[in-house]
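Next come the structures, one after another.
There are two complexes below, and they share chain A, which is joined by chain B in the first and by chain C in the second.
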Partner chain A sequence: MQPVRRLEAVWFMRVPQMRRALLWILVLALGFFLLMPLLTLVLWAFADVWRYPSLLPQMYSLKWWNWVFHNGNLGKSALWSFTTAPVVVLLAWVICLPAAYAFSRLNFPGKRFFFVALLAADSFPRFGIYISVATLFFQWGLIGNYWGVVLVQLINVIVTMTWIPTAGFDGVPRELEEAARDSGANPLQVFWRVTLPLALPSILVASILAFLSAFDEAQGTLVVGAPDITTLPVLMYSLVANYPEPVGAVFSILLSIPNLLLLIFARRILLSGYLAAGFGVR
Partner chain B sequence: MALLELTHLQKQYANLGVVRDLNLEVAEGEVLCLLGPSGCGKTTTLRMVAGFLQPDGGDIRMDGKSLLRLPPERRPTGMVFQRYTLWPHMSVWHNVAFGLGLRRRPRAEIEQRVKDVLELVGLPEMARRYPAQLSGGQQQRIALARALVLEPRLLLLDEPFANLDAQLRERMRDELLSLQRRVGITMIFVTHDQAEALVLAHRIAVMREGNLEQIAAPDEIYNRPATRFVAAFVGTMNLLEGKVSAGQVIAGPFRFPVPSGLKDGETVTLAIRPEDLAFASGGFPVRTVQVANLGHYRRATLQTSEGGELLAFTGGEIPSEGLVQASRVLVYGASGKLAGVLEPQALAQVKP
Partner chain C sequence: MKNSWREALIGLCLAALPVAAMFVLVVLPAFEGLRFSLGYVPGDNPAYSTGSHLVTSSTPTLEVYRTLLSSPFVQADLRLTLTVTLFTVLLILLVGYSLALLVRFGPGRLGAAVRSLYLIPMFVPVVIAAYAFITLYGSRGWLDALLHHVGIGYRSPIYGIPGIVMGLVWSHLPFATLLLGSGLDALPEEQVEAARDSGAGFLSILWRIILPLNLTPTMIVAAFSGISVLGSYTVPALLGPNAPQMVGVAMEQYFGAYRQPQGAVALAMITFALAAAIGALYVWGISRTRRHG
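Coming up: the complex of A and B.
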């Protein structure tokens, strides 16, 4: 109650109408802030002529959509994107989920050190890392190589894919695991039937974030994958640099489709079953 | 032969309290309550029986065979926990059927046994619900059903009602009592709630700092607490410090001959139940300081002429001043052990 009372020290906060009006102003400002760039993006994607100082494009057309879809590299890049990002997530599961379980449930020397050390890759400028990674990869013959691209994208998802599931495993009460053992489950069965399902929402969230981060990764892929492997974001960078604005806009919209689908999918999973029952939205 | 035997059981440095050289037996069909303040080792003991903790020494035997080498999933015990009892991602039905499924029982048998046990705990219509849709009391009843459906030899309950509100706790306790008396299952029940222990248990084991203070039937625990600690811990008790001097015990208003086993100069503690104090024509003088009406009886705070305060529970008149007599006095020596019980005929000779 303390903060509310402090708020009421300002005169207009004592008037309910004023308070409601202020809330709406905040909501609108936030909406404006979030939606304006998106709206501009959509307008650009369909604009043919849009010159300053006009608020709206002078002419609309589907010309640039046509152009992008008939660009010979689009299909190839999409193929690269959709064959790298999911594999990155799969690899991250194999590497990070056991680590997350170990961080949460086991005690081993240097646990805290390793847990924090995962951040190391994020504490230096990314591009510097990519350059040194490229030097190493060059020696190992991983430049312009599919697995080289997968590995460089993997760097970005390690922290997400370890930290979030660790919190997920931490959130599973020991009592629930013990109750399962008491009912006759061996440790492996406890993991599959109780621990993993309960940590699954966090793993799902981490996977989505990891997929998006791998899917949108451009710098590392550009450095390691060049010249043969151009994923969609890499292609977009080169198109944005060389073609008018609508091309970038069209591409952004195309790139956000998988993300959008993933979020809808995640929402459906998270809001079904016991989670929904727990939140009372079932 | 006892169903369960704990011999010289020890556990050091457990975060729920240590256990030092614990010996006890539980008979088939018996309800044993482990009672004590937090950190006394009661939960540690229970978790060692369930197999979640490995003892540092001693043995746990069931039907004469040691359980120590068996992991929890292979011990014939069922446990009900204090919190986080049900798996939230499974419906009630799946929670209860979980153990039967692991044992690969035929589907028809699982259906039947789940249905029977849900009826036993009085929640047959809840099978399709999820735990989050149940009240706290219902969740604990399902947890009980989940343990019972596997027909364990021994049911372990770790303060199962501690998180429920007082009224519900009382109802659950009565339900568990009638269920146990119907099914006849052997139980070890850990609690720090003495009312729960007194109602449910055939025998109560009072623990303190890893040691067994007393193990006896509830009546015995209440009426003849073996140590000063048990006297103070179970029920309401007036405790008076005193001394043995010149062949007499002197404590507050009381003077009486020394029971055997007490030495001259030894400090003693007298313990008197408030219901054993009553206004009478004889006795020692008191002044009534405060009276609280508790419905079916009244609680009087009395001040003796020495200045000490005593509590008395009575249904009778409470004058503002008068003479009070004790009908039963327990005497504890310096070691804390019960040295003697003064019954009315002995107290008749006591000179206040």
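Coming up: the complex of A and C.
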């Protein structure tokens, strides 16, 4: 074992006040790193004139909000975003949740292989897939098509929607199911009344992550959906490149609002360990 | 024994759904891409057959890979990608652990505050995060202005490697902290208490008890972030230098700007090989903690 070397600076750590100060510096630095980019963006969204090196805008206005709201593309893109992402989640439920139950509760050959194979497929670099998928979709008439976009966004959520609920079903105590069965419930009733409600939090966590991933997806959507289907993140790419700072900032805030509402709603459940269980922690 | 047959059949049918979806949407396209990168150019696929610098061969050839890997530009791209991945993963672990430890062991109010903050990046679309980074850290951005008032010179890191690393760390933090934090929650409280009672300092508790017991989550976070960073696109497309590039961006350039789909697909294959190596590490890591099947 390596002897612990006593450095000169150690005395510093022995003084409680110093230690507390160090802790607070660390926290402030982390807070700055996490939040400051977003705060700057909020300032930009309300700035009319903001010249370097002023720390705050010289003049505020809402004119860029007006501009963004009167840009016809916003409504169209929002519509595409909110009609694709939720459908991706629904489709993922249909495809993945029965499988999650099977992975957790049934014995069948190749179980572990299939479970891990999902991850193997998932680690293929996205853009390589999108190029090839686009040529397949072209043959199937799915380019510039609503379902093409849904399918391309689905790629990123399959593993999440299978793995996390599998851990959720794993976490339902078998004794509870057996007790329900002993008191006369049939297997289907046991599933609906006992198993599913107890696994629901993990399904919710997976759904939140799936929604975020689908909502955030831009690269595949651009490749498959162009030119007709532009979701909000796709529009954001062109706005960032072609318009002054406030436009991107206003748009960013608009694009973040639904997600931040989701965050407030989902915070507790996300913090309760279902995500970690899905990825094999514990 | 009839029952176990039925169970196996139902299990296979249910599990087949996501596996089939993955097969059609990922494995099949990846296989098509692999054949294409080996010189087989399908005539009925205009996206492939109209590319420039096509290598066409009736037998598999590694010509595309040879050309690609001998290019100094691609070599620089790969070096940059590996450097960024390494530093990003290390920083994600470092910052993720700091946050997770603050939540677990920090004084009450502080822990709660950190807990409500660190999830935020998960809910902010990556393209917005990258954009926000430019407004804060860019040349003549807010930080530049602040340091100007204090009288410190500032050179923006945003269009260099540190810019990419910072952006990627930011966007991967919630996932990492959640997983590391869950691992810490599972630590036996008594062991930490006992060590503390016997006078061990925080650092030695961290090094001797917490890190060894939390090895699995650490490996999982490293593997998943590593794979995700390797193929990342949005952050390195908006931040970082114009050249060399991360492979994710290089792929897009090969496909779009250079009109060389074969090169793009071959780059994807190379990246996949790297990701698969990390993935193997992950599978080895979880097979030690949990047995499925």
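A few remarks follow.
The working rule: the second predicted complex is superposed on the first by the 245 of 282 C-alpha atoms of A that agree within 3 Å, B and C clash if a C-alpha of one lies under 4 Å from a C-alpha of the other, contacts with A are read in each partner's own complex, and residues count from 1 in each chain.
As a working rule, a contact is a pair of C-beta atoms (placed from the backbone, for glycine too) under 8 Å apart; a residue touches a chain by one contact, two chains touch by 3 or more.
Keep in mind that this is a model prediction, so the values were computed, not measured.
In the superposition on chain A, A:Glu175 contacts chain B only, with no contact to chain C.
In the superposition on chain A, A:Trp140 makes contact with neither chain B nor chain C. Looking at the shared chain after the overlay, A:Arg193 reaches chain B, while chain C stays out of its contact range. Partner contacting the larger number of chain A residues, of chain B and chain C: C. When the two complexes are overlaid on their common chain A, residue A:Leu30 makes contact with chain C while staying clear of chain B. In the superposition on chain A, the residues of chain A touched by chain B in one structure and by chain C in the other are 273, 277, 280.
Interface of chain C with chain A (complex): residues 4, 7-12, 14-19, 21-23, 25-30, 32-33, 44-48, 95, 98-99, 102, 106, 110, 113-129, 131-133, 135-137, 140-142, 144-146, 148-149, 166, 170, 173, 175, 178-179, 181-183, 185-186, 201, 204, 216-217, 220, 224, 227, 230-231, 233-234, 238, 247-248, 251-252, 255, 261, 264-265, 267-269, 271-272, 275-276, 278-279, 282-283, 285-286, 289-293. The residues of chain A lying in touch with chain B in their complex are 173, 175-176, 178-186, 189, 193-194, 197-198, 273-274, 277-278, 280.
Those residues of chain A lying in contact with chain C across their complex are 4, 13, 23, 26-27, 30-31, 33-38, 40-41, 43-44, 52-55, 94-96, 98-99, 101-103, 106-129, 131-136, 138-139, 151-152, 154-155, 158, 161-162, 212, 215-216, 218-219, 232-233, 236-237, 240, 245, 248-249, 252, 255-256, 259-260, 262-263, 267, 270-271, 273, 275-277, 279-282. The residues of chain B lying in touch with chain A in their complex are 50-52, 71-74, 77-79, 81-90, 98-99, 102-103, 130-133, 143, 146-147, 150.
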